[in-house]
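Order of writing sets the labels: A, B, C and D. Residues in every chain begin at 1.
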Amino acid sequence: MRIAGKLGGAVVSLSMVVVLGFFLFRVIPGDPVVSWTRGRPTTPEMQAALRAEWGLDKPLPQQFLDYLGKLLRGDMGTSFTYSRPVLDVISERVGPTLLLVGTSTLIAVLLGLWLGIRGAWRRDSRFDRVSTGVALTLWSTPTFWLGMLLMMATGDLFPSRGMRDTDTAPGFFSQAVDVAHHLVLPSVTLIAVVYAQYQMVMRSSLLEELHASYLTTARAKGLRDDLVRRRHAVPNALLPVLTLVFLHLGLVVAGAITTETVFTWPGLGLLFYEALTGPDYALLQGLMVVTAGAVVVMNVFADLLYRVLDPRVRAA
Amino acid sequence: MSVVWDRRRTAWAAGWRAFAAQRSGVAGLALLGLAVLVAVLMPLLTGADALNVARVVAPAWEPPGSGHLLGTDHTGRSVALLVLNGTAVSLLVGLTAAGLSVAIGTLIGVTAGHFGGWWGALLMRVTDFFLVIPALVLAIALSSVLPRGMGTIILAIALTSWPSTARVVRAQTLAVEARPFVERARALGGGHLHVTGKHVLPAVLPLVLVNTTLTVAYAIVAESTLAFLGLGDPTRLSWGSMLHQAQLQGAVSKEAWWFLLPPGLGIIAVVLAFTLVGRALETVINPRLRG
Amino acid sequence: MLELRDLTVHYGSRAAVRDVSLTVERGQTLGLAGESGSGKTTLGLSVLRLLPRSAELSGSVLLDGEDVAEMSWGRLRAVRWTQASVVFQGAMHALNPVRRVGAQIAEPMELHGVSGSVAELLEQVELPASKARAYPHELSGGQRQRVMIAMALACDPRLIVADEPTTALDVIVQAQVLGLMRRLVDERSLSLLMISHDLSVLTSTCDDLAVMYQGEIVERGRATSVISSPRHPHTAALAAAFPTIGAPEFRFAGQAPVREPLLRTEELQVNFGPLRAVDGVSLEVGRGEIVALVGESGSGKTTLARTIMGLQRPSSGRVIFDGAPIPLKGKALKAYRRQVQLVLQDPTSALNPRHSVYEAVAEGLRIHAIPGDEESLVTAAVERSELRPAELFLPSLPHELSGGQLQRVVIAGALALGPRLLVADEPVASLDASVRGEILALLLRLRAELELAALIITHDLGLAWNIADRVAVMYQGRIVEQGTVEQVLLDPRHEYTRKLLAAVPSTTRA
Amino acid sequence: MRAKVLRLAAAIIAVTITSPFTSPPSAMAQAQPPVTLKVAIVQQIDSLNPFIAVFQSSTEVGRLMYDYLTAYAQADQKVVEGVAKTWEPSPGKLTWTFTVPDGKKWSDGKPLTARDVAFTYNLMLTNEVARTANGSFVANFESVTATDDRTVVVKTKAPQITMTALDVPIVPQHVWESVTDIKNYANDQVPVVGSGPFVLTEYKAGEYIKLKANRSYWRGAAKYDELHFVYFKNADAAVQALAKGEVDLVNRMAPAQFDSLADKENVTRNKAQGRRFNELLINPGAQTRTGTPIGDGNPALRDVRVRRAIARAIDLDALVKRVNAGYAEVGTGIIPPVFPKYHWEPSAAERRTFDAAAAKAELDAAGYPPKDGVRLSLRLLGRAGRAYDEQASEYLKQSLADIGIKIDVQLVSDDQLNQTTTAATYDLAFSGWGTNVDPDFILGLHTCGQRPGADGTGGTTDSYFCDAEYDRLYAQQLSEFDEAKRVEIVKAMQARFYDQVPSVVLCYENALEAYRSDRFSRFPVQPQTGGVIMAQNGVWGYYGAEPAAQSASSGSGRSWLGIAAGGVVVLVAAGGWFVARRRRATAEERE
C-alpha cells in the first residue's frame, strides 16, 4: 500500500520532470534555427524547412502534445547538433558517466562512512577534528577549480583528458589499465568534493545514536567497544545515511558535469556542457529528463531498499 | 516591558557565549567580518584605473613578486586587486540568493507544516521533487534560459536551493506544532496567525538562520560554477568570473597558478567561514550536538 | 553481594550521588526510591561502571567483594552481565531497534560463553518462543519489558539492577510484570536492586527500601516500616503521592456541590478512519464539580477531552455547554474557548520555552483582546495560582522554574480568562510526588473559590480518589462505569474497573 | 546478509568497469606500432554524414574522407584537380562540363566516375535533407547529368561564379543509393567508403575519431599510417596534452596558450594568418527588405558621420596589442589578408587613423555636442564566454568614453545575441565571419537582399547594410568572369563598405597552431607563407605531414610513471588501513 503510494509519487515526480523539461526550454526567448544557421550560407526556405522538421512551427501546446506522445514511444526528439535521436546520443554517453560516477560514489561513500564513523566514535579527538576540517574545506571547494588545480599540480603523471588513449594496444588488460589511468584525476576530483557530505552525515547520525540507551545495554552486556560500535551503533546510524546517500546523488550528478567538462570525460556531464553551448534544446531537454528521472528512480529504489533493511519501516 | 527585553538580551548573551565557546565558529565569523570589510572597502580604495584593462600598463601574465603581490592576469591587471574586488559580488550573490532561497523555503515549509492536509501534501510533493532533481542541473537550465546577468544567477540559485530549507522548516514546524504549548495556544483560542506567528516562526527562525549560512555557502560555490560554465555575468567581477577568465585564457597551460589559486582560495575561505558559522549556530541551537 | 562504600559521583562540579553507602545481601531485594534528579539512576549505572565519560567516581563499588571501579576493562567486561545485569528503563529504547530480540537475548550468552537457550528464557518470562524472531517495535510495552528481563537472566547473574522497569506501562500490565519479577527473584533467589520513583511499586516487590534525596540516602529500612512510619519528611511526601484507595486520609475532596449541569456530551463518537477512538460517550460535568475520567492509555480519554475543547470535531453526537451545543468554528468557537480551559500533562512542554511567565499568562488575554489593564490581570491570575509575589515570577523563563511552579503558571494562564471549566489532562502525572499534593490542593481551592468545575483525565485511580466528586471509567472508547467516587472505586460494578483496582500497587498491601 | 551485499556490490562494480570494453577495437596485432598523427579538436563532431554535418570540425573530417569536385592548391589556393581534372564553361557560363579522369578509385576498390558526381548533386537537388549542409551551392542548379563515366554536365539557372568552388563532398553512388533515410543515416559503418586521403575506421562520440591512410588515394598515400582526432572540451586541455605529448597537433589556441609553448622542447609553433575577422557592427538604422524600419537602434547612428567618428575613436593597433596580445592584424576590408588577391588596404588618403580629437570634431559637426560630458549613450552587445568580446568591450567602453559616448556593455548568450541582432535591437555589437577562397559569400552578406523579410525573419545579414552603390558593384562582380576585373570590383566594394562603416573591421585574428616536432618534422601550410596547418581549404596539412625520423610512441613512458604513482597511492592507502587496524587492536582496552 505504502509502496504503491511511493511508486505513484515517483510517477508524479517523473511527469513533473517531463513537463518542466519541456516548458523550461520552450520558454527560451530565442529561435534555434537562427542560432543554428548563423555563419552558414542558408536560404529562408532552408530555415523554414528546419523549423518544420523540428516542429518549431506549430503552436506550443501542439508541440507539447507531440513531445509527450513521442516520449511515450521512447522518442525524445532529434538532437539539433547531432541530427540523431536524442536517446541514441545520450545512451552512448551513459557508460563513461556510470563508470566515473559509480567508482567515485562508491569510494566516496566508503571513505566518508569510514571517516564519519571513526570521527563520531572518538568525538573531538585529533582524528575527528582534522578529518572534519579537511572534509569541510574540500566540501567548500568548487569542483572545477580542484580539477584544474590537480591537473596543473600532477603535471605529466596522469592524462589530462578523456577516457583512453587512441593508440593503446588492444586487449582487455592494457585497455583496462589505460582507462583506470585516465580515471584517476576525474575520480579523485569527484571523490574529494563529495565524500565530505557522506562523512558529515554519517558522523552526525552516529552522534545522535551515541545517546541511545540500547548502547548502554550493549555495554552492560560486556561487549567490547568495537563490537558495540559495529553490531549496534553503526547499523542503526547507517539507515538514515542510506537515504541521504541517494538523495545526494543529485549533487554527484552536478559534480559530474563540471568534472567531466574539466577533464573532457566523454560522459553525460560533458554532453550537457556541449548541449548548453549550442544550445541544443532537444538534447538539453532529454538530458534533464534522463538525469532527473534517473535520480527520481534511484530515490524510489533507495526507499524500497530502506524498507528491506529497516524492520521498523517495513512493518509500518 | 523592559523586563522582557532584559530577558531577551540575557538570552542573546547566553547564545553568544555558547557560540563564542566554539573556536571554529568564532574563526569563521572573524573571517566573514574580514570578507565583508574587504567587500565594502575595496571598491573605495581601488583607483578608478587600476582595474581598467584599457588603462593598465603592467605586462600580462606577470608572476608574483615583481611589483605585483599576486602577479597580473591576461590583461596586466593585478590579481590581488581583482580578488579583493571580486569579494563584493561573490558575497552579494551568495547572500541575496540565500536570503531569497531561505525566504521561499521558510514560507513553503511553514505553510506545509502548519496546514497539513492535501495542501501540505501537495507542497511537500513539490518540495520533494525539487529536492531530488539535481539543483545545479536546474540552475544551469534556468540561467541558460533567462537573460544573462547577476539577477538571473541569483534567481537560478534561489529557485533551486530552497527545498532543503523547506524540508527542515517543515519538520521543525511539525515538531513545534506537536508540542503541547501549541495545543495550549489553540485551546486558548489562538488562530492560525497566532500559532504560526507567536510559536512556530520564533521556534523555526534559529534553524532558518543556520540554513541561511549553509545556503550562502552553497550559493557562492554555485555562482562560481555557473560562471565557470560561462553562464555568469561577465561584466561583473566575481571570483567565479575570474576563474572563468583564467580557464578561458589558458591559465592552466600557462601554469599561471597565481591567477587560478587566489580566487579559488577566496571561495573556499568564505564558504568555509559560512559553513563554520552555520555549524556553530547549529550547536548553539541544538545543545545535544555539544560535546 | 553488592556493597557501595562512600560512593560519590560528580558530573563536573555537580555531585549526583554523595557519600552513599549501601549493601545488598545475597538474595535480598532492595527498593531504591527517589524523585527525578535524586541520583538514583546514576547510582544504578555505577554498579556496572556504565556512567558516561564525564562522570567522576570516588569511593568503591564492591561486587562480590571486588571493586568495580578498580577493574581492568577486560575484567569489567567479563563481570558485566555474568555477575550483575540490568533491566533498563524504557525497553523501547534499551533494545536495539533493528535487531531481532532473540539475537539480542542470545548475544551476552555467546559473548560470555554461557550455554542456554533463548526459547527457555522466553518461556521463563511467559513469552512464546516465536517472539524471538520479532523486532522490538513489533512487541507491546509489557512484552518488551519481559524481553529485557529474559535478557537480564541470560547469563544467570546473581544480582539484577532494575531501573524503573515498569514506568510507562499501564496499570494492569505493570502488575503482571511486577508479579513476574517477584516470581523470578524468588525462584532463583536473586539479589535485586530496584529503582523507582513509585513507592507503591517498590513496596509490592521489595523487602527493603532506601529513599534517596538530593544524592543522599535519607532513609533505609524494612519496606513496611518505612512506609508506615517515615522518619524523613521527604519519605512522607513520597508516600502521600501513592494514596491508598478507600483510605479516608487520602480523600481531600470536600463535600460535592449540588449538581447543576454545565457540560454534557451526548452520544459522542470520534472516528479516525476505521478506528473508533470515542464510541458513544455521554458524560456530564456539573457546575463546580470535579469529574475524573479514568482509563488506560489508548482508551480514548484524551480524544474525548480534545473534542470537548473543540480541538477535535466529533464524528457524531454533540457537546452541550451551558445549555447550548458548542460551536465548531469561527468567532463563536473562540468565545467558547474562553469558558473552557485546558491544563496539560507536562507543564515543561506546555509552555513555550521562549516566552516568559508574563507572556505565557497574557497570551490568552491578548488572543481574546480582553479589555482592562493586562498587567494587573496577569498579576492577579498568577497570584491566584499561588505564585507569590507575582513580580518575582513574571519575568522568569520556563526553564528557570520547577515543575510545580510551571503547572501553576499553566493554571494561571487558564485562570486569566476566567473560565468555568478546566479540562486537566493528567495534571500531576509528570510532577514529582512532593508537589503533587500542592497542585491538587490548588485545584480544590479554585473550585471552592471560583466555582470552577474540572474534568480530570487520568490513568491514576489514586488521583481520582484524592479529589474527584465523580468518576467515569473509560475502556476502549466507551464509558463502562460512572458514578460517585465511593460508588465506583469502593464498589465497582464493571469487571474492568475491578481489574484496574486490583492491579493498583499499594503501599499498604506489602 | 552483509557478505551477500558485498558480493552484489562487487558484481556491480565489475560490470560497470568492464562495460566500456565489451567492444574492443578491431584487433590489429602488428609487430611495429603504426605511425599515428594525433590531432586535438575542441569542437565536437555533429555528424559524419557529409550532407548534414555543418560543424567546421566535421567538414574537415569530411574533406579527409571525400574529395570535392575541385580542390585548392596548397601553395596559393588556386583551383586544382579534385575529383574532376578539367572543367569547361560554356560561353554563356550557364553550362559547365567537368571531366573525371579514369583510374580514380573509392577506398573499397570500386572506380570513381562522373556518375558518382552526378548522383551526389542530384541527390541534393531532389532530397531536401541532403541540402542541409551545402544546399546553397546547388540552389542555382538547373540540372546535373553524367553523359558517360568521364563527363558530367551541370546546367545553372544563372551564371554562377562559384562553379569551381563547389565545397560539396562527392559520395559513392554504390553506397548511398541504398540509403533511404538520409536524415538518420549516421554514416558510421566502418570502414567508411570514401575517396579522400583517409578512411574512417572508428568513431566514439565525445572521444575520438580514427582514420587510416587510404593506400589507394590517387595523389598517393599519406606518409604515415593513422590519423586520430582527439576531442578536448577546451583549448587549454589540448595545449597541455600537446605539452605532455599526448597529441601531436593543436590549433585554435589563445595567445597565452601559444606563448606558453614558446620554449617547450620538441614543440614547434605556427602563427598563421586566419580566415576570420572580428568586427564591430554599428546599427545603421536597420530595415527589412521592404524598407520597414525594425529594432530600436540609436537614430544617431544612421548618420554616417557619427559612424565614422566612432570608427576613428578606436585605436585598432592598441586593441590588437592588448586584446590579441599582438596575434592579429589590424582590420581594414572585409576580406582578410590571407586572401591577398581580394584583400583591400585603404590608401593613405582613405585610411581613418586613430584620432580622438578628430572624432570629437566630427561628432560636433554632426550635431552631437557633449552634455555633461556625454554626447550619446549606446549599448554594446557581445557574446558572453567569448574571450575577445569580453576583453574588447572593456577597451571600447573606455575609448568611446574618451569622445563622450557612454557605453553600456551587455554580454549575453549566443542565442540572445542572435535574437538581438535579428531584431536589430542593438546599437553596437561584436560580430565576425570566416571567409572562403571565393569572396562571393562574404560580399553578398551585406547586400540589401540579405536583410530580413517583411516578417522579420529569413535574413542573414547582421550589419543591415543597404547601399545602392555596393549592390550595383556586387551584381557586377557576380557576372565578371575576368579575374583581374573582378578583383578590382571586389576591392571597390570593400572600399565602399569601409567608407560607409556599417561595421568596423577590428582585426584579423591569427590562427595559432603548434605541433610536436619530435613526432612530425613538417606540415604543409596553406598558403605557402603564413598559412595554416589545420582548417585549410583542403587537407594538405594532414595529408602531407611528414613523420620525424624516429617517431617514438608518445606518452607511454610517462603514463607508466602515472600508473606506478597510482599503484603507490593504493599501496599507501592499504598500508594505512592495516596500520589503523593494528592500532585499533591496541585501542580496544579503552571505552
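Basically, contacts are C-beta pairs under 8 Å (C-beta built on N, C-alpha and C of every residue); 3 or more make two chains touch, one makes a residue touch a chain.
Being a predicted model, the structure only gives us computed values, none of them experimental.
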item: Centroid-based (C-alpha) most distant chain relative to subunit B; value: C
item: Leading chain pair when contacts are tallied as C-beta pairs; value: A-D
item: Centrality ranking, top chain (CA atoms only); value: A
item: Mean-CA-position distance for subunit C and subunit A (Å); value: 51
item: Between subunit B and subunit A, distance of the C-alpha-averaged centres to the nearest whole Å; value: 23
item: Centre-to-centre distance between subunit D and subunit C (centres being mean Cα positions), rounded to whole Å; value: 83
item: Intercentroid distance (Cα basis), subunit D paired with subunit B, Å; value: 41
item: Shared-contact residues (touching 2 or more other chains) in subunit B; value: 144, 230-231, 247, 251-252, 255
item: Overlap residues in subunit C, where contacts from two or more other chains coincide; value: none
item: In subunit A, residues with contacts to at least two other chains; value: 28, 151, 219, 224, 261, 273, 277, 279
item: For the subunit D and subunit A complex, residues of the former touching the latter; value: 9, 12-13, 16-21, 24-29, 33-34, 36, 38, 44, 46-47, 49, 52, 54-55, 128, 131-132, 135-136, 139, 183-184, 186, 204-208, 210, 226, 228, 230-233, 237-238, 240-241, 244, 246, 385, 413-416, 418-419, 422, 433-434, 441, 453, 457-458, 460, 553-555, 558-559, 561-563, 565-566, 584, 588, 590-591
item: Of all residues in subunit C, those that touch subunit A in their complex; value: 45, 48, 50, 76-82, 85-86, 88-90, 93-99, 107-108, 111-112, 135, 137-138, 151
item: Residue numbers on subunit A that touch subunit D, as the complex places them; value: 28-32, 34-35, 37-44, 46-50, 53, 78, 81-85, 89, 92-93, 95-96, 98-99, 102-103, 106, 151, 154, 156-167, 170-172, 175-181, 184, 219, 224-226, 261-264, 266-267, 270-271, 273-274, 277, 279
item: For the subunit C and subunit B complex, residues of the former touching the latter; value: 309, 311, 333-335, 337-338, 340-342, 344-346, 349-352, 354, 356, 358-359, 363-364, 367-368, 394-395, 397, 410, 413, 417
item: Parts of subunit A lying in touch with subunit C, wherever the complex brings them together; value: 212-214, 216-224, 231-232, 235-236, 239, 310-312, 315
